[in-house]
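Chain lettering (A, B, C and D) follows the sequence in which the chains are written, and residue indices restart at 1 in each chain.
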Amino acid sequence: MARVVVDVMLKPEILDPQGQAVLGALARLGHSDITSVRQGKRFELELDAAPDAATLEEVASTLLANTVIEDYSIRVEES
Amino acid sequence: MSARIGVVTFPGSLDDQDAARAVRIAGAEAVSLWHGDADLKGVDAVVLPGGFSYGDYLRCGAIARFAPVMQNVIDAARGGLPVLGICNGFQVLCESHLLPGALIRNDVRKFVCRDQWLRVENANTAWTSDYAEGQEILIPLKNGEGGFVADDRTLDELEGEGRVVFRYLHDNPNGSYRDIAGITNERGNVVGLMPHPEHAVERLTGPSLDGVGFFSSVISQLVDA
Amino acid sequence: MTRQIDSVKDAETTPDVTQPFAELGLKADEYTQIREHLGRRPTSSELAMYSVMWSEHCSYKSSKVHLRQFGEKVPPEAEDILLVGMGENAGVVDVGGGLAVTFKIESHNHPSYVEPYQGAATGIGGIVRDILTMGARPVAVMDPLRFGPADAPDTHRVLPGIVAGIGGYGNCLGLPNIGGEVVFDETYLGNPLVNALCVGVVPHDRIQLSAATGAGNHVILFGAKTGGDGIGGVSVLASETFDDEGPSKRPSVQVGDPFAEKVLIEACQELFDQQLVVGIQDLGGAGISCATSEMASNGDSGMHVWLDRVPLRDSTLAPEEILMSESQERMCAVVAPDKLDAFMAVCRKWDVEAVVIGEVNDSGRLTIEWHGAQIVDVPPKTVAHDGPVYERPFARPQWQDALQADVPTSVPRPASGDELRSALLRLVASPNLASKAWVTDQYDRYVMGNTVLAQPEDSGIVRITDDGLGVAISTDGNGRYGKLDPYAGAQLALAEAYRNVATTGAKPLAVTNCLNFGSPEDTDVMWQFAETARGLADACLQLGVPVTGGNVSFYNQTGETAILPTPIIGVLGVIDDVARRTPMAWEADGEALWLVGDTADEFGGSEWAHLHGHLGGLPPAVDLDRERQIAEIAVAASRDGLLTAAHDVSVGGLGVTLAEMALRSGKGARIFLPDGIDPCVALFSESAGRIVFVVPRSEEVRFTDMCTARGVPAARIGVVDSGVDGLEVQDAFTAPLDELRTASEGTFPSLFG
Amino acid sequence: MARVVVDVMLKPEILDPQGQAVLGALARLGHSDITSVRQGKRFELELDAAPDAATLEEVASTLLANTVIEDYSIRVEES
């Protein structure tokens, strides 16, 4: 049993309309000290077996993230 | 013998029947292709229709790309088979790396359904030869994730090679970089766009007949070939 | 973790256990009734089933006595067209050529207030499954909505989410949204209304019913897994069945999975085409309890269910909760043993999970077991159909007379050209009348390629056969009229929907409704409800359009304040050739504008009065014979090719009707108001029974003859003229197109971004 | 300058169609040892000032997460 977290964020050069919208809303609510917001995805996976780094790489890079526009990072939380 | 154009149905495809109707209106035979069958039934061209394949839950088109039928579509497209990706089909083509770039959430963060003016920038692709370069056409647009993005180098390359096929006119509905509505591969046989030509093929149900040209273009090329 | 199961045997041996019937919403005498039905105390599972099935929502116990009128005052026309009447999941109407149409409205008001996106989304999901259950392919949806004031903060919380939820679910299902309503009023602030309509098409020989028949047939549950959704109060029971370790938390909100529903729709189409089911029922309110008891009751049969076979999303669910779960995207089918393999093959093809959970028998009982223990043994009719029926007391409210006496004399009447012009612009810009494009642009109206008319046309029309047969639907309801006079309000709502359908050239055939009211325990509200039902039944009889089904939503109130009595009426019509549909935009210079019908000084409940904060007096007079006549004109004139356009006159009056036509067309018109009538009345009164027809010069004589023959007054009130900018109302004012457009299209974006 | 990450996940009892879809795709791709997938959101905020816990709570609970169906967790990464 293992728990793995994969974070996927848009590459910095790609426009992030959702992050922008949150930033705008924050400004309207008076939180002007927040200067940047980016919105990405978080996947929590549970595995039966011990996680194998190569497999996780493949899953993240081919399915969970679109590497044309997104970066990802993999974290094994418990195994 | 009339041309045979395949229309793929994924679970969650919505505009497959409409695409098939457009194919028939343009004078070809529509052949349904099932996502689970790795068989193109010998068709002369393929349409990947609009919809929400697999619910579009992960990223639009991300899961459909792995469907058994897609491996054959990808191979055949690399071999020159004309392939048109409409909306979700465009997203599938980008996810499959048959076309560069990606489609992200509309900058207005809402689903947008409206009649959209486009300019035809490239009338030399398999799917646009019946249009004139610079022609303005009106066809429906309907999507939530239609913002075309790519890095600058890719965008410059697309522009430089004349591979931007359609651009949004008047106002950009979704934040697409450089107003790009549709693009093609180097060879011009694979075209993807967000708006829906198959919804502009009948006076009664569409805003114009401007969509027919997609299907007539490919048919006349197939007949000539 | 050990679980205490309350079996039938336990119930027999421990008759004196106290049971939490009150917490489950049952009255003491209802509990006694259950014990009488069973001859013992109910098990906790049985108690759960009865409590939900006997709730207002499922049993219609307060409304039943009034709804009966729809089955009693049936117009003779019903006999020819109704293939399935009230009582099934949705009524089925014959539209010729071996095809039928089924349609229904339902409410999802309370869930949408709690979680706007998911509440509205699952509202669409639920009504689509009702239509699917009839054997139909769903072909379109509509969404009548009501909100608090457009500028209220809570409206800004709920409206964007509700709209996104309806779009998110409906778009993903591939169902065109062809119409709906967005209306704002103070009373909906703490209680918005989300009503959803679906229409489907079914060949006669494919119509399905929800009856479990044929001993030995399998009962199959298919679709999504069962989770702890919507079990609310029943958790009282579940928690009692756990020892130390409590159950996991139960979701307060149901989340929809439109993709799961889309594949369910496609799988069902194949099941129906291959005739693989004997009976089918969607799972909505009360989940498996409802589906199994209703199917067994409808089939006059018995059924045995192995509840432990139900695929679960949450393994901690107790049997009571599984029975009650309202998890979305599930269906239940009865399948003959020799069709089982084919059934399962279709489900596999679409990746739909399907499990045999039971068997039909002829015991006349519904029996349910859980890991070998019998936990339910009931006569299914007592659960599904023989629930309590209440004759709730009602009385005309004491304030009704004063309200009706408070005629809108205090409301200013614009008189000068400038005043009239700014009144028109103000009306056109008011949230209730402004362009709803901000909303409807979030809905796919093109998918399926058969949408012939959609918003903002008078009715939505979809083509249903290749040779051009189409159906038209409109939904309408005016709570302000209902408040002033609920009997008339219901009739005006019906008249408007009926008129809208006819205006587009379709012949009105049948009616569905969703009756949204406050608490039935309030005698004022109950009177409003009774009057509404009576008004609607009488009007349906007179117009010759039968009620085929509907839904009642009570308890729509904030604290003590009930919403306006809001019957939402849907009328369905047919058009033999969609190519002759009448759109609302005029086309060419010289076309004449004919106003058909009478205009009186009627501002009670009007939008103009509402803009001045006034609600009082009487609603516009109802004249159903006139409605029938003008509908005949609209349909006949369309059939004879006499029209280029038409648009009905309703809220906001003639001025607003003309402005909408001009905006839709992009061309101007010269308008001459009839002599001898106050221009304010001519432009803004809301008299019913009126349509503006646009007639090419060459057809004017035939058109006016058609009106004369029916004794309906017709006035030539204008001419299409692209030489004028917008509306030029002679001797009064000009409202340029740009100004009208800014007024109409600016409101929603400036309110909602 | 501070960097704050807010993770937003659907509450465990709420249906997660997105995670389900990913799980299904993984199974078809042969990764059957992955037994559960939940998909959530990740927000990366940048602040001008030192982050104030109460403000972050408020932003997360009113704007970033819909607490009717979602849980959130806040992590200050650098300040």
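One rule holds in what follows: a contact is a pair of C-beta atoms (placed from the backbone, for glycine too) under 8 Å apart; a residue touches a chain by one contact, two chains touch by 3 or more.
What you see is a predicted model, and the numbers here were worked out from it, not measured in a lab.
Taking B-D and C-D together, the chain pair joined by more C-beta contacts is C-D. Between chain B and chain D the centroid-to-centroid distance comes to 34 Å (mean Cα coordinates, whole Å). Work out the mean CA point of chain A and of chain C, and you get 41 Å between them.
In terms of their C-alpha centroids, the spacing between chain C and chain D amounts to 36 Å. Put simply, the C-alpha centre of chain A and that of chain B have 29 angstrom between them. Touching of two or more other chains is recorded for residues 257, 259-260, 351 of chain C. Multi-chain contact residues of chain B, defined as those touching 2 or more other chains: 54-55, 57-58, 62-63, 66. Residue numbers of chain D whose C-beta contacts span two or more other chains: 17, 20-22, 24-25, 29, 39. Of all possible chain pairs, the ones that touch are A-B, A-D, B-C, B-D, C-D. Those residues of chain A that touch chain B in the shared complex are 10-11, 13-15, 17-18, 20-21, 63-64, 66, 68-69.
Residues 11-12, 14-15, 17-18, 21, 36, 50-52, 54-57, 110-114, 140, 142, 144, 196, 198-199, 202, 204-206 of chain B touch chain C in their complex. Chain contact summary for the complex, chain C toward chain B: residues 164, 167-168, 171-174, 257-260, 262-263, 266, 349-351, 440-452, 463, 578-579. Taken together, the chain D residues at the contact with chain B in this complex read 17-18, 20-22, 24-25, 28-29, 39. Only residues 54-55, 57-58, 62-63, 66 of chain B touch chain D when the two sit together in their complex.
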